[in-house]
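The same chain A turns up in both complexes below, where it pairs with chain B and then with chain C.
After this line comes the complex of A and B, so read on.
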C-alpha cells in the first residue's frame, strides 16, 4: 500500500471541482504578538487534497501557531498578516465567527497530543461522536448510530458497539487517541491538523496510529498536516515535509528529498542529532576517549557495584494490589552504563526509586558494594545517599523554583564535610563542568532554559561526588539538538569522574547510543538483558523485537505499511495469534500480545535464562538466531 | 516551553532584577495594595488614638447623644463620650484580636499541614482525624461554648478564634504539601539525604508561603466578624473595654433616634473585613503564577 496517487483508492467523498483546489493555501504568513519578534514569519505552505504534509521543528519554532492560525483559534491579541490565507476556500483573515464555526469541524478538524483533553470525561465516547455527526452531517436516529459505529470501526476501535458505551477513562491511551481521531473525522473534514498526535503514546501504539493516519488518507482522501518533533514519525507518514526554525520554514520538499538529502545545515543538524536505530551509534576510533557506548575496559573485569535480588514492589490502590516491579534481579557493574527500556507502566521509574532508596521494596534486597541498603535508616542511609544520586525527567520540576540554583547544587554536600568557602568553589567548578558560566549560581531556576536546567540538575547530582547516578528519562523533555548536547555532557562527566550510570528511557535509540548493557522491562519484569549491541542486533524476547520494530525509521524508504512485519529486525505488527486457553491472566504477561505464545506461556512463567553470550531472556520460545536474519530480509 | 524568553546565559544576560519592588507591587497587585492601604490607615488611626485625640475613651466629653459635629466628628454616645475616640480604641481590640488569632492559626495550622503533608502515613491520618473533629463543630457554636466555659478574656478569644481557623490552614497547606512532596526537587533533596525538617523549611515552606498569605488574610477577615458576633452577643470583649461588636450591641437601643451609633462600628467592621478580603484576593490572583 504505497499509494502515492490517493485518488485511485478514494472511497469516501465524491470528487467535486472544488476538491482540486489546494485545501490550505498560506502565502507569507506572519503572526506576531505585541512588540515581540513575530512567532511565525513569512511561512508559505500549500496542502493539496489527500496529501500528508509533515511540519517538523523544535519547540518554539512556530509549528503549532501555524495550525492554530489555520483554525482561526489564535487569541485576539495576535497580529496576522498574509498575502493569502485560505483554508478550504475560506479566507481566514476576513471570516466571521459564524463562518469559522462552519469551517471548523466540517472542513478542518484537529487532533491534539492529549486525547484525554479532547474528549469530554463525563460523556460516553459514542455520544460525543454522535453529537458531531448530528451537527455536521444532519443524520438522526439509526443512520447516525450506524455512522458512529462505522467511524469507530474505521479508526480501528475494536468492538465499536461496546466501546461506544464507554467513557474516555475506560479506554487505553492508544484507543483514546483513536476515539479522538474518530471525533475529528465525524464532521467529514477535508483536512485534518494533527499536533504531536503520538508524542504521549508508547512506541508500539504510535506505530498503529501512524498507520491509521495513512489509511484514512487513502480511504477518505483527507489531507493531513502532521506536526511533530520526531523525525521518525514524519519519515514514516508524510508525503511532503516543511522544516521550521524560529518561525520560518527553512526547507520544504518531498519527504525523501528533505530527509535523505537535506539542503540546509539546520535540517542536517536535526537529522544528525536525532539518535536513530537505523544508523550505527557514533563511536570514535580506538585510542580516542570514547564518545558514546562501549566504555573502556573489558566487561569481564568489571565488578558488580549494585546488586538487585528478587525485588518486588506492590502498591495498594483502593484495596487492589498492583505489582509495579515483580521479582527483578539485576546487577550494575562498576563503570558501565546500564540502560533500562520499557513502555509506560513497565515499572522503570519504580525501579529507579528503589535503586536510590526513595522507596522500599515489598520483597527482595538491594545492595551497593556488598552493603545491603534495603532497610537502611538515619545516618547510615544518609551516608549511602552520598554515593547514589538521581537526575529526573522534568528539568523544571527538579529545581526548587524559589531557591537560587547555587543553593540547590550545594544541597547534597553535607555541612559537616564541606565548609562554606569550599562549597562556593565547588559550585563554581561544577557549573563550569556542566558548561554554564561560573557566576550564575545566584540566579533563580526560571531564568534558565530547559536544557540549562537539566545541566544544573546534573551538577547538583554530582556535587556529593557519587559513584552511581540514576538518570530517569533525563533527555525526554528536551529538543533533539539539546538532547544531543546533554548526552555528550553526561558521557564526558562519566569518564572524568569514573561514574556508573543507570540510564532509564523509553527512547530505544538514545538507550542504544549511550548504554553498555540494556535491560528491557515489561509489566514490572525484566524480560531481556544483555550487551547493548547484541540486544539491538539480535533481540531474543518477542517483546524486545516488537519494541525495536515499532520505532519509526527516519528513512522514509523503510515504510512499514502493512499491518505485519517491520523492515528492521523481526517484529510483529498484529496482536498475538494464540487464542487464550483460559480466561486467567497469563503467566507470561506478554503472552496476549506475543505472536509465538502457546499454552505453556499461560501456565508457566518464563525465567531469565541464558540465550547467548552475555544475553538473557525470559521467554519459552526465544527467537532463534536464523529466523532473525530471514525476517530481517522480508 | 513555559517561559517566554529563557535568559541566555552569558555576561550580557544578567537578569534585570526588579529594583523598585515596591513600585512593581503597587502596579501589579492593585487590590492587595488598596487593601493594605486601607488596613494600615485603620491600624495607625487606632494605635495612635491617644496621641491625636482630645479625649480619653471613657471621659465624658459632651452632652449625651450629640449628633456628629466639628467637635465630635462622630457625635457622642449615651453617656456623652466621644464616639470616634471610642471607635478607634475599639479598633485596637478588634483588629488586634483578629490579627493575633490569624497569626496563631497560621503557625499551628501550617505546622500541622506541613507535618501531615510531608510525612504522610499514620501521622497524616491522625492529624487529619483531629482536624475533622474540630471542623465537625459549627464554628460559632464552638466559640460560644468555649467562651461560656472560660472567662471571655482577650487571650481566650484569640485562642478560640485561632482554634476555629486552624483546620482550614492545615487542610490548605497539607494539600499543597502532598503535591509538592512528589515534585522532583523534593525527591532530589530526599535522594541527597536532606533530613525532613530541612526539606520542610527549605523546600516546602517557601512554596506554600503565597498560599499561607492568602489564607491568613481571609482568616483575619472572618476572625474580625466572629469576634464581633461574640461581643455583640455579650460573650466577647466585655464593657467597659470597647470593641466594635459590643458597641453595636450597646447602640441598638438608640438605633432609630441616633443612627450614627450603630453605623460607626458597623462601618469600621465592614472596612476592616473588606480590607483583609482585598489583601487575600489580591495575593491569590498572583500566587498561582508564582508556583
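After this line comes the complex of A and C, so read on.
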C-alpha cells in the first residue's frame, strides 16, 4: 500500500474549538417540492469529526436528498425547513451562493455512485483533480502537480503519473471510483458524503473501496456519511447507522445496536429480506421446500434438459479478439435452478444470450432435450423460442415504453397463434399470477414501479408456456424488500409451472438462496460448478474463495479489517475487474490474482475436474478439502 | 501496489512476442474515415457519370443545333467518343480525371480544369465564411439559451431559430439584397470582386451571401447546441463540479461547453452538404461566379464534361470538409476513436 505522511494532511486541527463541534448538525429537517408530500420529513442527524455514519434505506427514502441538501445542491424549487441545519458551522438555510461555493469541496465533498458519469469524460483525470486543488488549496505549478499525484497515490491509484494523464474511460470501474474519491479529497474536506459509492462495483472491488474509506477516516480524520441500501456495506464500514423510511429516520444508533438488535419492525424487515452469506439460506416458503435447497422432488426426473458442450464466443473488436465465453460445458437439469455467478466481464450475460439463441456460438453446441439448436432456423427455431424465455435485469429497458403492458405480455404468444379472446384471457390470468391486478393490461409501463415492471417482464416470459426461463440479474435493480417478493414469486411460479431456471447474478447471497446448483464464471470460463450448498460451504477454486470472502458480512462484528485477508485482491481496484482475456493471456486467467498460482498455471490451462462429490473445479491446486473457507470476510 | 490483471510480470514476455502490429486506435480511426472518403468519392464518380448520361438530350444537340443533318451529328458523336459503350466511356473519363484532365467544355471549348479552377476558390470562400457565420452565432446563442433556459433570451433565440429554419435560403438572400439596397444604398449588395483583385471589396461583397447562407444554418446548430447543453447539465460530472465548489459559470465553461460541442460538431459536419448545395442558389442570387452557377449552366446546356467535373468537385469538397470535421472530433471528445 501507499505510504502515508500524516504531516501533509489536515490531521486534527486539535486546538481549534470548531473541531469539536459536530460537522453536520441537522435538526428536524423537512424538504418538500410543491404540494406533494415532503420527500424528507423531520430528519435529525449529527455527524461528529472522524465518524462514519451509515445512512441506510430503500430507493425513495430520501437518503440522497439529505446529502444534496447538505451541499446546498437541491433544485431551487425545493422548500427546506429545519430547526437547525449547520454544515461545518455554516447555516445552509441562510448561506449565500458565495459561502456555499467555498463550503463545497473545502469543507464538504461528495462521492457519487456512478464514477464514470461523475468524472468529465473530456478531461484528463489529473486535470480534474488539479482544478479542485487550485481552487481550494491555492496551489500552482509543481506544488499543485505534486499534491495531485500524492492524492492519487493516497487513494490507491497505481502509477499516479500515468493515471493522471489518462481519461476516465481508460480506467476500470474501481480505479475510476478511486479517482472520484481523490477528486473529493482534493479540497481537504472535513466531511465526505458518499452516495452508494460501491453499488456499481464488483464485490471484490467494493471490498477495497470500503477499506479505503475507513483508511481515509483513520489517516485524515475525515468524517464520512455513507449512503447505501446494502446492509453488508454499512455493517462493514459505519460506526453509527441511521435507517430511513419514507423521508424519516426511523432508527438511529451504533452499528452493532441497530444491525444486531434492531428496535423497529422496518429495520428488522430490511435485515430479514437482505439475503446474506452469514445465515443459512431460508427457503421463502419454509413449509414447502426442504432447507437444503433441493427443488425437483423426483430424482429420476432430474435429467439433462439443456446441454452446453464446449461453447466459445469470440468477438473481434478493432483487430483484437475478445473471448467472452471460452469452452464452457454445462448441463441444466429439468426442474432445477442453476445459478451462474461471476463479476462484470466474466461472460455470464453472453452465455445467457447463447442459451436463449439470441446469439450464436463461435464454436461448440447447445442442445435442448437432445436436439442441437446451435444453428436452428424457421419453425423449429420458433418452437425453441417458445420453450426458452428470458427475463432481463432492467425491466424498464426491456419493456417497450409505448406498448400497453398487455400487448407486451401477448407478444411471445404470437408465434403459437393464440386467438384474440384466448390471448386476452391468458394475459389476465398471467397478470393475476404475478400478483398484479387483472385489468392493468391496458396501462403503459411508466405507470408501474420497478418491482411491478419486473413482474410484468416475468409474465411476458411465461406467456408462451416455456420449459426454461433464463433470468439475467432479475432482481439487481430492485430494493431488497421488493427483491425478496420477486424471488418469492419466482419460486412459486417454478413449482406451479414445472419450470427450470438459469439464474444469473453477481449477488452471491441471492444465488445461494435460490439455486440447486451453482456455476462460477471467471473471464469467460466456468471455474467451479457443483451443488449449491457444497460450493458455498467448501469452495475449491481460489476465485470462488476470493469472491465469497469479499462479500461484506451484515454482521458488524465480522469486519474484514486486515489488508492481508484477501491476498492481492481487495488491496487494489486494479485487480478487481475480471477482464476477458485477449489471445495472449496466461493459461489460467485467474493466475494473475491467485494467491496459490505457480508456473504451471501460466503454462497449462486447468480443466474442470471432479474435486468432490457433485463438485468440479478448474484449478491445478484446489484448496484443501475440509478446510472450510471463512465466509463473509471474517 | 498490487499488480493489475494485464501488468503481471509473468505475462509480459509472452504478450510482447504475440502482439500483432495493430495501429493505435486513433490512427485506425483516421485511416477508416479516410478510406470511407475514398469509397464515397468512387461511388460519386459513378453517380456523376450516370446522371449526366441519363439526362434527356445529348451534347450533340447543343453543338449541332436543331437543323443539322445526320452526317454532322454522326461525326460529332464519333468526335466526342459518344458512340462507344457506356462502360468504356466511363473508364476513359475516370482515367483522364484521375490524371488531372477533366476534358474541355463542348460549349466554349475551354479546358474544364480552368473553368473550375477559376470558380472553386469563390465557392470555397463562400462555404467557409458561411460555416464560420453559422458557428459564430449558432453555438454561443445555443449555449446561452441553455444557460438562461426559460428566460427572455431563450425565448427570443428559439423564436429566431424557428424563423431561420422555416425561411428558404434563396428567399432570405433576396430579402437581404432588397433590405440592404434600401437601408445602405452605398453597400455593394450584388456582384463579386475576387480576393486577388481587391481584398477589401471582396470581403465586403462576401458579407451578405455569408449571412444569407450562415444564418439559417446557424439556427440548426443553435437548436442542437441548446439541447446538447441541457443534456450535459443533467450529467453527473456537472454535479461533481458544483459539489467541489465550482460556480455555475465555471462548471459550464470548464466541463459543459466541450462535452456539449462534440455532438454539435457532427451536425455541423453534416450541414456542410447543405452549405455546398445551397451555395448554388446563393451564387445565383448574388451573382457570384462559383461552381454552383457553373454546374447549373453546364447541365442545362448538356455540357457533359463540365457537368460531370462539377458534380465530382462539389462532392469531393463535401467529403474533404467532412473528413476535416472527423479529424477535429477526437480533439473535442477523447473517447472517439478509442472505443
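Criterion: the second predicted complex is superposed on the first by the 572 of 634 C-alpha atoms of A that agree within 3 Å, B and C clash if a C-alpha of one lies under 4 Å from a C-alpha of the other, contacts with A are read in each partner's own complex, and residues count from 1 in each chain.
Just so it is clear, contacts are C-beta pairs under 8 Å (C-beta built on N, C-alpha and C of every residue); 3 or more make two chains touch, one makes a residue touch a chain.
Because the structure is a prediction, the values reported are computed rather than measured.
S.K.: May I ask you to decide whether A:75 touches chain B, chain C, both, or neither, giving the answer as first, second, both or neither?
M.R.: A:75 sits against neither chain B nor chain C.
S.K.: More chain A residues touched by chain B or by chain C?
M.R.: C
S.K.: With both complexes overlaid on chain A, does A:593 touch chain B (first), chain C (second), both or neither?
M.R.: In the superposition, A:593 touches chain C alone.
S.K.: Applying the touch criterion given at the start, work out whether A:169 contacts chain B, chain C, both or neither, answering first, second, both or neither.
M.R.: After superposing on A, A:169 lies in contact with chain C but is clear of chain B.
S.K.: Please indicate which partner A:421 is in contact with in the superposed arrangement: first for chain B, second for chain C, both, or neither.
M.R.: neither
S.K.: Of the partners chain B and chain C, which touch A:184 in the superposed model: first, second, both, neither?
M.R.: Only chain C; A:184 stays clear of chain B.
S.K.: Under the stated touch criterion, which partner chain does A:464 make contact with: chain B (first), chain C (second), both, or neither?
M.R.: first
S.K.: On the A-aligned overlay, A:613 touches which partner chain: chain B = first, chain C = second, or both, or neither?
M.R.: neither
S.K.: Which residues of chain A touch chain B in the complex?
M.R.: 36, 59-60, 356-358, 381-386, 388-390, 392-394, 396-403, 408, 411-412, 414, 436-437, 440, 443, 446-450, 452, 457, 460-461, 464
S.K.: Under the stated contact criterion, what part of chain B meets chain A in this complex?
M.R.: 1-4, 6-11, 15, 183-185, 187-195, 202-203, 206-207, 290-291
S.K.: Under the touch definition given earlier, write down the residues of chain C that touch chain A in their complex.
M.R.: Per the touch definition, chain C meets chain A at residues 1-8, 10-11, 14-15, 18-20, 22, 25, 28, 235-237, 239-247, 254-255, 258-259, 262, 332-335, 338-339.
S.K.: Could you list, by residue number, the parts of chain A that touch chain C in their complex?
M.R.: Residue list for chain A touching chain C: 1-2, 71, 73, 97, 101-106, 109-110, 112, 114, 117-123, 131-132, 135-136, 156, 158-159, 167, 169-170, 180, 183-184, 186-187, 318-320, 568-569, 571-572, 574-575, 577-579, 583-586, 591-593, 599, 602.
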